[in-house]
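To keep things clear, I will list the structure first and then write my remarks on it.
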Amino acid sequence: MTNYMLLAPELILTLVALTTMMVGLFIGKNKTILGYFASIGLVAALSLTVSSLNANETLFYGTLTIDALSQFFKIVFISVSLLVTIASIKYTENDQNADSFFTLLLFSTIGMMVVASANDLVTLFVGFELASLSTYALAGFDKKDPKSIEAAMKYFIIGSLSSALMLFGISFVYGMTGTTSIPGIAENAGALVGSPVGLIAVVMLIAGFGFKMALVPFHMWAPDTYQGAPTVVSALLAAGSKKMGFVAAFRVFVVALAVLSPTWQTAFAILAVITMTLGNVVAISQTSVKRMLAYSSVAQAGYIAMAFAVMTPMAFAGGILYTLSHAFMKTGAFLVVAVVGYMVLSDNKNAKDIDHIDNFKGLSKRMPFTAFAMMVFVFALSGIPPTAGYISKFVLFSSTIEAGLVWLAVIAILNSAISLYYYARVVKYMYFLPAIGGKVSEPAPYAIALILALAGVLVIGIWPEPFVYWAMEAAKVLI
Amino acid sequence: MIPLTYYLILSSIVFTIGLYGIMSQRNGVRLLMSVELMLNSANINLVAFSSYNDDMSGQVFTLFSIALAAAEAVIGFAILLSIFRMRNMINIDDINILRW
Amino acid sequence: MLSKAINGVVALLFFAVVVLAVVGTTWTTVDELPQNAADQSNIEAIGVQIFTQFVIPFEVLSLVLLGALIGAVYIAKSEVEK
Amino acid sequence: MNIVSLIILVPLIGAVLTLLTKTKEQARVIALVSSLAPLVGALYMIMQFDSLTPSMQFVESYNWVPSLGIYYTVGVDGIAMPLVLLAAIVVPLTIIYSWGEDKQPNQFFGLIVALQAGVMGVFTSLDFFLFYIFWELTLIPMYFLISIWGGPRKDYAAIKFFIYTHVASLVMLLGIFAIYFAVWAQTGTPSFNIPYLLEQFQLLESSLLRDSIFLALLFGFIVKMPAVPFHTWLPDAHVEAPTAGSVLLAAVLLKMGGYGLFRVMLPLLPFTGSPNLMITILGFIGVLSILYGAMLALAQTDLKKMVAYSSISHMGYVTLGAAALVPLSVSGAMFQQFSHGLITCLLFMSCGAIQHIAGTRIIADLGGIGSKMPKLTVLMLFGFMASLGLPGLSGFVAEFMILTFAYLTLPTYVLLALLGIVVTAGYHLWAMQRAVFGSLNEKLGNLHDITNYETLSMAILALLVLYFGLNPAPILGMMTTNAEQIVSLMAIAGV
Amino acid sequence: MAVDDLAFLIPLLPALAFVITFFFGKKMYSGGALIPIGAIALSCIISVLITINLLNNPEEVVHQSFHWFAILNLGILIDPLAAVMLCMVTFVSLLIHIYAVGYMSHDPAKPRYFAETALFTAAMLGVVLSDNILQLFICWELVGLCSFLLIGFWFHKPSAAAAAKKAFLTTRVGDVMFLTGIIILFSSISQIYSGNLPEGVYVLQFSEIFKLIPELSAMHTTILGTEVNQLTIIALLFFGGAVGKSGQFPLHVWLPDAMEGPTTVSALIHAATMVTAGVYLVARTFPMFIAAPDALIVVAYVGGFTALFASTMGIVMNDIKRVLAFSTISQLGYMMLGLGMGAVVGMEAVGVSMFHLINHAFFKALLFLCAGSVIHSVGTQDMRQMGGVGKVMPVTFITMVIASLALAGFGIPGTQIGTSGFFSKDAIIETTYLFAEHTGNYIPYLFGIIAALLTSIYIFRLLFMTFTGKPRTDYGGHESPGTMTGPLSILAVFALVFGALTQTKFYHFLEGTFENNFVHVNIEHLAELGHYHLAHGHHGEPLLILWMPIIVGVAGLLISFFIYYLRVIDMSTIVSRRNPVYQILYNRYYQYQIFIEVIALEITYGLSLVGEFIDRKIIDGIIDAISDGTIAIGESIRKVQTGVVQSYATAVIAGVGLLIILLKLIVEVQL
């Protein structure tokens, strides 16, 4: 019998989204209330998800599955959305279209959650599209800003291309196995082994998911989009929708196409190495912090992709844990950029290049808390203890050693060291260079979002046991 | 009976045309059309497989994908419209503020 | 022109790969396609499937459409002030 | 919560409190108090310490990430206790020395205290996970100390220090992973417990694996020490770091490398595939560092850089003593760590004072400052004498033990190292002659002697150097038991 | 016995005096001079009392020991050898301290001076009193430190700073050899015990070392293809230390420069402390030397050569202190030569050599203090600017004459009439003759006798140039105060009569050094191990040989008299830039240039610069290249991102195509 309670988070969010849209039509200028409302809805969804952590059921003719993996990722998505929503209360402060913003934000969250739960390629694809379409619009939300529109355009075109590739790949999988159900594919996947079509399907699916994950060479939209989109949306894209790619890949490759693992393991190993190296190396020479974070995000995707290359329970746990940590670190980092953008604009309304690293000069004096938070985030991103970034790298990198892939571990570790260079530069700008301008206090929504992200990073870093355990539970679904 | 491979080759051709279009076209609308071509080639596949496997879900999937393609086009056109409004043209390879 | 050539090469490469793969695969298919369209209504079957098996994607699809609508309207509409 | 956790936690909290203070006075007082607390703790521990057992004392253990075999386990033994004491002594003295710091004093003192917490953690952790966390944590305060309060090329030096040592730690981390999983696969239980892993190491079948683990860990430690040819980060870091940073870097952070040598490398060494090769490598690195460091110190024109190279040279003794694997040479090497910590502190404080008062550290630009700065001259001379191994001071005890007892197993290396002693005396005296003695360089302007705070901290150090030179037994007593136990492993391994 | 228990106070009192004077001397009378004077006086009294006890009961030496750390101890040993040294050191040092009250009266840094000299004395006493080789080394190094501090006392003078460095560094070369010797000794002992050192035994104590001499001499090491006795290596390394400390060739270069300190310091270094430490070390470890084949012969040759070599340079120096410095080197050479003669006379060599050491301490201290008195009064050290000083400073003149006679060794052979130098130096020359007779090797004897002639020439040259004739510049001197002339007179008495009074007793007393309740070794037996054939019953030299030293002494006096007093020879032909012999001597055989510049500066510093280059350009260059390279690669890859979305699409599609091909290849290879 279907336990609808397990779907409650999605239902609540849908309800909140629709309500937000409706109410938005009727209330006048001040739509701030909608942000609070959305936040409350997300909190409720989060708590409902947390309450059913240990569920393990398939719903609706096997199109949805609620298991540890899905719950884990749902929590990641809801957390990111929550942080972004809270921060957006400030971002959309005087915006007539805040209702659209929050509705789209919630829709994209629902899309990601559906993907997390998807147990059927149709569900997965539709969820994927829901998340994509909503975020296309969100990326262009600053529509008076040519950069924002350009970002949306690039995101959209590469996104559609990827969708098409993915669908093409799915069609082959369907053709060979005769079903779209993930367990069903797993049963019949034997037919794909050794067949060239199987190979093509795998690569096309990798391209489709790799687009979301921003794996090289499917990453090229990401720096442009992250840089051009409104910063809160970049946070959502980098921290949230990127993870959707991973959860989809977990479902499709590890569960459905497990028999093809030699193929996709090799593919992910190659891509992981290229991705992390390119991401880190290019990030060094960036002057826009957002763009730098974008490349760093590319690099981080490379690390997580290692989990597929290693394919041990420990690696999956590491990869899964990494997505959680990365959600907090990256959201936090982007939100800091948003706060700095706010600060720069409050100095000078017509400021250009608000995400330029020069604006971070002396941030420790202008906004001590933000600077501190940013420092924690970048150190976490570079994997310095005792942060979430460290513990996840610890588990993930260690799993490569466990599996005997020392070369992969060495490359990852060297990359990690390279990354320190540009992360440390941010810290240098914030702490060592003289400030231009006086002290500015952070707007409350930003501050709250930063505190939450900071708490996430530090709690996972200092008390990792429950999270590691949880990630391992989630990884068990895959093996 | 027409072999399944024929359908697949057809869809491959359509897909490749779409690919080529998305790589080479400057006009935004043409780009969108190319994307549609690619989605539809996948739909050909799905329907073909559905028939040859005697399994309905492929056709259902096709319906879904058609609807999604429509939704995608909507967003796409909206973005292009916005670009047009801003620049009075939709040659998207001129839009490269964001790079490097 | 060079870029076009590159595009062409890439596309042909892709095409070759896919076609070779498709041709090189032995497809397991049903022996006979249903010959008489009147025999069974695939419309009905599809309808049943949509509302049973694929009810969740269907519902999500409604959100997709709504989302696309909202997004498109927002992006495409010209601001009143301007 | 017992004493070991307290000596980590108190400075950590102290660091946060210090960072939050508003005025210089508050900052330095809170910093001093919270850095003195570990000293009290360390002295208490030494009183309770049982020198006769090589096992861990004051152990406490809590679950942390049991699913991965990670526990919060801390404790000390004869290897760690003296270093804990060293860190507890040096940090408050550094704070006293820097009493007049005006530039962002709350951050300055806060970082120093945070550094203390980090090194305390490194020296007491009995869990590789925890160990690594503290190991990395020490990097950040030092990076800041160099970057904010550093000299003209601070950017280069800070980032070089940060990335170089970080790469080394990461390689070490790989080694930790390898031993962890290898043992896990062997025994079926995950554990990061250091003594346990070290014990299980010998059961690993593949000698290639054992050698790789050994070398990976070794790399992490010798870069930190630092040993030639992985030393080039150190002179740059020292030259650019503020005095307090240099002091802590040389006196405490370098000791982490040596500590790793004793805690991790030596117990593993007998069980590697080719122990004799490993001993040769270590011995060679040691001697090379001694000679190369001394030679380069001779070539330096900057006083502080000279001291930095002398650190490299002196840390070479640690490697050499450890490589010899004779109980008393190993205890000598441990004692060298302790003693060098105190001496180098004194040297860097002297250089800092000169820089601060005369405005330059270039030896050629100084000259004759002795007549204007008698207190500094006496203390500096004392430090130089201790550094060149004058008997009666702690440096001699250590070097004598290392050379004498290492000669039993590594005679050739020791004879080479003995050459270094002359060069060591040479560069110290030559620098002294040019910088401090001779006629006063008139360009230096008005010189004054060091402040009372500086004098106090340097004088305390000088007394300690003298005390431990005359009476090394209490410290050596703690070390010897452990050194014997380490060396006895060689016999167990049948090497 | 009560006074024996106070032995530990002997070094401790001056050390305490150091602390007190250093920190509180400023507020005391005369810079706190009374504290060290009192302390050293007490030490002196204790030393004398203990020596008297020991004279009565030579078998019962004073030995105290307590645990230090590991397998090391700290201990005090007063045997006859140590006792005579103790008395000499404390006594001479006391006189020099008293003298310094006057001499240093105008120096503002008096507290530092007295503190450092007190420490110097304490360190030297530590050397003398050590019961184990390590403690001896420790105090040995402290002596070096104090010499550094005192030579560089006027550190604001660049020449003083350089001299201090040179002194410390040169002796340090010797010290490292000494340390190497200790290390090899220890490892040999450890080998003898096969690694299991006995519990509760301090193996570096002299008694333990001497016990193991037979085993040590049975060990051999192969160096460059030749098999060398282990004990010889150790003994020669110890001797290397002694060479550094006692200014033997070729490590003597620091001693002439050590004149940069105050004259009292020179007196302390040259007479009572420091330089005698080397001789003392050889004497202290004499059982090892005599059991080591060839070791004593090396000692004899180095000593003899140094005696001759230094005296040649003494002839041409114009700086009064420098003449005395070369004289010291030369006399130390005699002492070493005497010790080397242990090859034929066994234990008696220690007696002869130590006797000369004690006598030399008296007359050399006297010479220096006299010179100091002259300098104090005249204000220059250049003898060419003096002349006729004897008239204004009668006391100084008389004491100086006595000291010179003692140095030249005037006396009447076969009687008990003679200066102290006569008894001791002639005894050494006699033993060298004995050696020559015994082995047919006359070289040591020739070294000794020619050096004696030169000694006489340079010391009387000094006397005539300084004290006789007419003043050559307007210096306006005066006699020194009582605190200075007092010690001079006391020392003069000792220089005159000490030798005559103690000669026979002294030898006999020292015979017991290695045969008592602490150490008991049979020197005769050890000599067999060292393949030395001792001569017995030797007192039958020809009369000419007995008279030879005094004949050359008088000859030297006459030569100087003719040249420097009567001026019968025109000096300008000899003292000329064109005279190559004079040039070589005056430039001290160009040793400074050869030794310091070539070895120390050119080679070592050059090497260190090469190292610096390697460090900066190669090691650091690689690291920087890696980092710069990474950044450059990033910079170039960055340009791939053109901003044109179609190119992104191309990348995606090309990526897919390539990935498919790549995987196909890889998978096929794997299969």
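Letters A, B, C, D and E mark the chains in the order given here, with residues in each chain numbered from 1 onward.
The criterion applied here is as follows: contacts are C-beta pairs under 8 Å (C-beta built on N, C-alpha and C of every residue); 3 or more make two chains touch, one makes a residue touch a chain.
Fair warning: this is a prediction, and the values are worked out from it, not measured in the lab.
In this structure, the chain pairs C-E and D-E differ in their number of contacting C-beta pairs, and the larger number is found at D-E. Distance from the centre of chain C peaks at E, each centre being the average of the chain's Cα atoms.
A simple rule picks the central chain: find each chain's mean C-alpha point, then take the one closest to the mean of all protein C-alpha atoms, which gives D. We define each chain's centre as the mean of its Cα atoms; on that basis chain B and chain E are separated by 97 Å.
Each chain gets one centre point, the mean of its Cα atoms, and the points for chain B and chain C are 8 Å apart. We define each chain's centre as the mean of its Cα atoms; on that basis chain A and chain B are separated by 26 Å.
Rounded to whole angstrom units, the spacing between the C-alpha centres of chain A and chain D is 42.
Multi-chain contact residues of chain A (touching two or more other chains) are listed as 122, 125-126, 129, 133, 136-137, 140, 143, 152-154, 157, 161, 165, 175, 196, 199-200, 223-224, 421.
Chain contacts: chain E has residues 627, 638, 641, 643, 645-647, 649-650, 653-654, 656, 660 touching two or more partner chains. The residues of chain C that reach two or more other chains are 3, 7, 10-11, 14, 17-18, 22, 27, 53-54, 57, 61, 64, 67-68, 71-75, listed in rising order. Of all possible chain pairs, those that touch are A-B, A-C, A-D, A-E, B-C, B-E, C-E, D-E.
Residues 63-68, 70, 129, 132-133, 136-137, 139-140, 143-144, 147-148, 154-155, 158-159, 162-163, 166-167, 170-171, 173-174, 177-178, 180-181, 184, 212 of chain D touch chain A in their complex. Taken in their complex, chain B has these residues touching chain E: 19, 22-26, 31, 92-93, 95-100. Residues 121-122, 125-126, 129, 133, 136-137, 140, 143, 146-147, 149-154, 156-157, 160-161, 163-165, 167-168, 170-172, 174-175, 178-180, 223-225, 227-228 of chain A are the ones touching chain B in the complex. Across the complex, chain C meets chain B through its residues 3-4, 7-8, 10-12, 14-15, 18-19, 22-23, 27, 29-30, 32-34, 42, 45-46, 49-50, 53-54, 57-58, 61, 64-65, 67-69, 71-76, 78. Interface of chain A with chain D (complex): residues 379, 384-386, 390, 394-395, 397-398, 401-402, 406, 409-410, 413-414, 416-417, 420-421, 424, 428, 431-432, 463-465, 468-469, 472.
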